[in-house]
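Here is the structure we will look at.
Chain nomenclature is as follows: A, B and C, assigned in order of appearance, with residue numbering initiated at 1 for each chain independently.
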Amino acid sequence: MNAIHRRSLLAASLGTAALPFGPAGAQTTAMTAAVYPGGWDEALAAVLAPRLRQQSNIAVSFDPLFAVDQIAKARAARGTPPFDVFVLDPGPRVSGIDFGLFEPFDATRLPSRGVLPDGYSDAHGAAVAAQVVGIAYNPTKVAKPAGWRDLFRPEYASRLGLTGFGTTFGTISLIEMAKSLGGSEANMDPLFAELRRIRPSVAAVAQPAAMAGLFQQGQIDVMYTNTYTVTLLRSRGVPIAFAVPETGAAAFVTTMHIAKGSRNAASAYTYIDTMISTPVQTTLAAAPYFFVPVNKEVTPGEDVPMRSIAEISNFVSHDWAVINPLRAGWIQRFNREMAG
Amino acid sequence: MQENGVWRLALPLALAQALFFLAPLMLLVGTSFATDENLTQASLRAWRDMLGDSFNIMSLLNTLRLGALAVVATTLLAVPLALLHMAAGPRLKRIILLAAILPLLTSVVVRTFSWIVILGREGVINSALIWSGLATSPVALLQTEPGLILALTQIEMPLMLLPLIAATARIDPALLDASVSLGGSLLRTLRRVVLPLALPGLVAGATLVFASAATAFISQSVIGGGRLNYLPAQVWQQAMVVFDWPVAAAMALTLMGSVLMVAGALSLLGRGARHA
Amino acid sequence: MHRLTGADRLVALVIIALAAIGFLILVGPVLIVLVTSFTSSRALRFPPPGLTFRWYLELFDPVRSAQIHVAALNSLLVATLTAISATALATGAALAVARTRAGWARFAEGAFLAPLVLPGIAFGLASLMFFSWLHQPPSLLLLVAGHTMIATPFALRTVGASAAGMDAALLESSAVLGASPWRTFRRVVLPLIMPGVAAGAFLSFVSSLDNVPVSLFLSSAQTDMLPIRLWGMMETALDVRVAAASGVLVTGAFVLLLVMDRAVGLTRRMSV
């Protein structure tokens, strides 16, 4: 560790924003962005942050928070935003809009907006990554499942890890299961009936945070998740494969939003613009980051069942404005059915 | 250090707690009696939702039972360890003490991983059972109440063992020898001589273990899983996923009140036993 | 030594067997983490297919693990400040409670322990709401204050236990001999309660270092905390550096413990 580096660590540890190293430091603007902990945090710190500093002289510091924690923290902070930019999945995004946590978003302030498909930026924010959700399984232990219905067959149910409506990927997977059982977004009864039936035999009912560990240690061999997790775990030597359900994989986009009352709006737009730019999206789509790009010019990685983001319209999508009001009820019902 | 002015020494802590603990707590109380977290309108809805729902009451009772079982399990193992510590030479004494502190040093994040490793289908315990022929197929341990209690036994043991050791360390060994040489059996000596003297430590330990196990949100949800229902997970869900802060506040306060009542009862029990 | 009867021997055997199980439960999980941290596999895995120092090297790599280092320094700083403030506050209060026979002291003793029983997540959320209402954004000092609230009860127990055994006559004679209260404290009281103070500081330090629920709300981008970072690394990627970091923490704390034990007989005073 050289002396300069140590000084910057010390500065950061004293609660000041990381001091700029370079001579150009005088005009550097500082901003703060929320970022998902783990893979996202590492990727954005390694790819996006250096580029932003180099090209735009913006020093970004990251606040690692899951989507729900971002909303809770911003709400509790009442108008003094703890960070300038949110990164959210559709469920929390709709909550954020409902609670008025975002500045109105002007997509024309993104010079790179042409690389995004139509509709990928709106009055609230812009898409920065996609997620493709389907079934993950351990190919050394179970056969490839054909679709959502299969998960309720005894040979899969006994190896299945269930997670509830607390996350976006969990919610849409459970909705897809409900549909495959004859229900719909508005009718989850068939799903809950089946869940009650398999409840005693499923291998685990867990927090999303525990899923990867449970899978790795062989407690579960089947779970629903996104291609990102599958590729990441496989790159670390975990035997895992992605199955596209016969009814199609579901897809959604992760969006960034500017926090209401942010004093760094200009930097925030530059941050989002750099995030969707072709060089950043290309690097993030490759190993070891495995993001699903939203940039039309970038080819998604091998586990992603599409060759370009333009194909995302072929995937199953969901209306979160409809889902969100129902979700609190589903969460409670899931708790109750599972506790049986 | 005269007695009349000595209360002033407690003032800094009292002020700090008033500002950094009591004030946020009062806000929590206020929130629980409001329609939303901006305290726009008073309402009893959150308390009706919490107390009028049999599922929530069930979660509360589960949580209190979990705390009680953790107390029983830690007592069962900590008392023998404390006795061994009392009888041991200086070297073994030291080893037992360091082992007692060890769980406090492992990060909660990694601890949950190690319990998945131990309790899992292909985990340490199941491998041992199958290897030794005691079981032919994996036994369900992870995500069961016994599995969770086993994990909590490790996590909370220091809180029981340390006060117990502190209490038993004050027992005069000559007292034990006297009791035994007067013809008392070992069991009788333990019951008549050691237990009364160790009781304050036991009560202190039980209070700490109960409070800590009943509120151990991460262990409960990661090791216990979704089929076991405890109130701290509901608090988290209401606050962070459903965004119903009044209900989250009412739940947290209900849990706090219940745990305080149990702690108070334990403290009375300890005082009663001491004076009996 | 007296002679043991058959029944006594059975009782002794049961005690030793239970103690052995207890010992195993205390130590086993920690050993598993330590062994896992040397795995040659790329994901957290037990039993490890082979052993290597690779994850420790990667953990100390100044570039690849820079964010972990920042978070670790933040956590150490907050834990140190928490240990100092919690121990100072608790020492004052414990002395007051120990030297007073009035009823309020018994009540205060109970009230001071209250932060132990509020679920951490609720306390974190309530603190953030309260300080936002006062227009105080999350900061390092608020973080230390929050951690101090959680840690003080532990320090209070250890210092209280030491202070309770103090001889009142000793203090009076010091005062009679004309020593100022501060001098009495430094020369007479502090040496007597030192092991309890050190134990309290150690427990406060450790409890702050591992705090998740309060940090989640009161930390900010500038005060990224280690357990929260480790949690993220563990969840998405089963990153083995998490185990290596835990190995470093356990070893570091263990060494600190041994040093403090040599200095003040710490382990004998860990009576929380």
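Convention: contacts are C-beta pairs under 8 Å (C-beta built on N, C-alpha and C of every residue); 3 or more make two chains touch, one makes a residue touch a chain.
Keep in mind that this is a model prediction, so the values were computed, not measured.
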{"item": "Label of the chain whose CA centroid is most distant from the centroid of chain B", "value": "A"}
{"item": "Which of B-C and A-B has more C-beta pairs touching across its chains", "value": "B-C"}
{"item": "Distance between chain centroids, defined by C-alpha means - chain A, chain B (Å)", "value": "35"}
{"item": "Rounded Å distance between chain B and chain C, as computed from the means of their C-alpha atoms", "value": "16"}
{"item": "For chain C, residues contacting two or more additional chains", "value": "44, 46, 125, 129, 133, 231, 234"}
{"item": "Multi-partner residues of chain B (at least 2 other chains)", "value": "37, 113, 117, 239-240"}
{"item": "In chain A, residues with contacts to at least two other chains", "value": "69, 72, 76, 209, 213, 217"}
{"item": "Contact set on chain A toward chain B in their complex", "value": "68-69, 71-72, 75-76, 95, 99, 162-166, 199, 203-207, 209-210, 213-214, 217-219, 327-328, 331, 334-336, 338-340"}
{"item": "Partner chain C, residues of chain A touching it in the complex", "value": "1-2, 5, 9-10, 12-17, 32-33, 36-42, 45, 61-65, 69, 72-73, 76-78, 80, 82-83, 208-209, 212-213, 216-217, 229, 232-233, 235-238"}
{"item": "Complex interface listing, chain C residues touching chain B", "value": "2, 4-5, 7-8, 11-12, 14-19, 21-23, 25-30, 32-33, 36, 44, 46, 88-90, 92-93, 95-97, 99-101, 104, 108, 110-123, 125-127, 129-130, 133, 145-146, 148-149, 152, 156-157, 161, 171, 174-175, 181, 184-185, 189, 203, 206-207, 209-210, 212-213, 227, 230-231, 234, 242-243, 245-246, 249-250, 253-254, 257, 267-272"}
{"item": "Touching residues on chain B, where the partner in the complex is chain C", "value": "1-3, 6-14, 16-17, 20-21, 23-25, 27-28, 31, 37, 76-81, 83-84, 94, 96-111, 113-115, 117-118, 124, 150, 153-154, 157-159, 161-163, 165-167, 169, 177, 180-181, 185-187, 190, 201, 204, 208, 211-212, 215, 217-218, 231-232, 235-236, 239-240, 245, 248-249, 252, 255-256, 259-260, 263-264, 267"}
{"item": "Chain C residues within the chain A interface of the complex", "value": "41-46, 62, 66-67, 69-70, 73-74, 76-77, 125, 128-129, 132-133, 135, 137-140, 216-217, 219-224, 228-229, 231-239"}
